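For clarity, chains are labelled A, B, C and D in written order, and residue numbers in each chain start from 1.
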Amino acid sequence: MTAKLLFAEVRLKSEYYDVDAMKVVWHGNYVKYMEKARCALLDTIGFNYQEMEDSGYIWPIVSMKLKYIKPIFYNQEFIIRATLLEYKHRIRIGYVIIDPGSKAMFNKAETVQMAVDLSTGNSLLVSPPCLVNAVKTKIKQEEKS
Amino acid sequence: MTAKLLFAEVRLKSEYYDVDAMKVVWHGNYVKYMEKARCALLDTIGFNYQEMEDSGYIWPIVSMKLKYIKPIFYNQEFIIRATLLEYKHRIRIGYVIIDPGSKAMFNKAETVQMAVDLSTGNSLLVSPPCLVNAVKTKIKQEEKS
Amino acid sequence: MTAKLLFAEVRLKSEYYDVDAMKVVWHGNYVKYMEKARCALLDTIGFNYQEMEDSGYIWPIVSMKLKYIKPIFYNQEFIIRATLLEYKHRIRIGYVIIDPGSKAMFNKAETVQMAVDLSTGNSLLVSPPCLVNAVKTKIKQEEKS
Amino acid sequence: MTAKLLFAEVRLKSEYYDVDAMKVVWHGNYVKYMEKARCALLDTIGFNYQEMEDSGYIWPIVSMKLKYIKPIFYNQEFIIRATLLEYKHRIRIGYVIIDPGSKAMFNKAETVQMAVDLSTGNSLLVSPPCLVNAVKTKIKQEEKS
């Protein structure tokens, strides 16, 4: 039995201020696209940045990796999908950016976030119950639907 | 008799991520250059962002205008000078961006900031004494030197 | 008789990477929002950046002014409307950013663009026919509908 | 015998527009710091972006990874060192960001770039001689000095 993985997708278009002198999206700007998709995913879990802060914990990014496969040109549409790969010890999210038409892949990426207790400033090696419960509730909802 | 105007200069180079598909600095990125020069100016007055916040007031930008005269290309050096034009009621700063060699002007700009009292959230029509005194002290120092 | 003014609207949400340490959108990031609305407006006229370049002319920004009325907080939705105010000699566009609910105004802005002939590099004091015709055609369509 | 590794360092300060609502540098902005250090390194080799393009090849980023160890706060100074780890088949550069005082490490990162022949659009599995020779010449200079 495989558990369903939670994911969210956003459809975006590259902006003029995102492209560089080679007329393709500058590699650093993909991090913004990833953040939009991550926020959409965390929203569906009911655990967006505001809800995180209210919970007494924050989840800073501790590592990130990106693989650039095909360039995205100016004014090109793309879909970025963020998938929750891990949540019990840390939040690990995988990303793929694809062409909505050809389904060709532009980019694959991953981020890891670790919980920090705002009251102590300490990093946690196990996710606090507020996150774990939110994810489990969402997974159950998805499995029913 | 004319009062000396306080100013500060920073020397910068356009970065690859600053230029657009036309290989010139994207017009929105000048705002970052202006902020660097403004911070340098406020530093010399002893009134940088941290010192502002500690004073119980903040000075958000309430208006900004820019005039683009000549484009800045990738990897091009330029000097941006920020000059304090007004401080008694609001902070008005003028900017010029020039070519260090030819002295040709790339850009002229201006920002206006108004004090907000952090304890009430109200905007002030007159600058609080902490700012006025800091500027006056700095002007006196400059006039002596 | 008043001519109908062409406009376009985009609905956006402030992103985490757009806000600063005061938890409001950093003033320089409004320029990106303006560009999104301007591109939407130019798209409706059939004169987007690609169509500009294909026409043999480009329209760099020659001046810009912004007035900040109310801050936009993280994750806040807003509408930005770009209105074509002038096109016969230069492209002048006005912008308003408003709260979709209360209709309160966050920001008012304006940009001016002048045509540059790509073959000579010269700025033009009168808009080339390709732009004027595109705008007139669009205005006629709008007046009929 | 170990070969000397080529490196370059730049000393930077985090800007107000680089920090987020948590008052630390937003994780995506480190990519800009890495680019500044990479450009400094490529400059010392005599192979900056302009020289690349003139050579008939470009080297887009094909992968990137970052590890965030300690946050960088607003107005904090840091040194970023870029070290050339590989160049014969691809350009692999390692980065460390450290505190100039305590030498504590803020961040470790790596980028990989592959040559693309501008005349064919093809990626190359072996670096073109123009790059290899430039690096070898620079290494020899360094070994003499």
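Throughout what follows, a contact is a pair of C-beta atoms (placed from the backbone, for glycine too) under 8 Å apart; a residue touches a chain by one contact, two chains touch by 3 or more.
All values reported here derive from a predicted model rather than from experimental measurement.
The pair with more inter-chain C-beta contacts, choosing from A-D and A-C, is A-D. The rotation relating subunit B to subunit C, fitted on Cα atoms, amounts to 180°, rounded to the nearest 5. Taking the mean Cα position of each chain as its centre, A sits at the greatest distance from subunit B. Computed centre separation for the pair subunit A/subunit D is 26 angstrom, with centres defined by C-alpha atoms. Subunit A and subunit C, compared by their mean Cα positions, are separated by 31 Å. Shown for subunit B are the residues that touch two or more other chains, namely 16-17, 21, 28, 32, 35, 49, 74. Partner subunit C is touched in their complex by these residues of subunit D: 16-17, 19-21, 23, 26, 28, 74. Within the complex, the subunit A residues that touch subunit C are 15-17, 32, 35-36, 39, 48-50, 74-75. Touching subunit B in their complex are the following residues of subunit C: 21-22, 24, 27-28, 31-32, 35, 49, 58, 60-68, 71.
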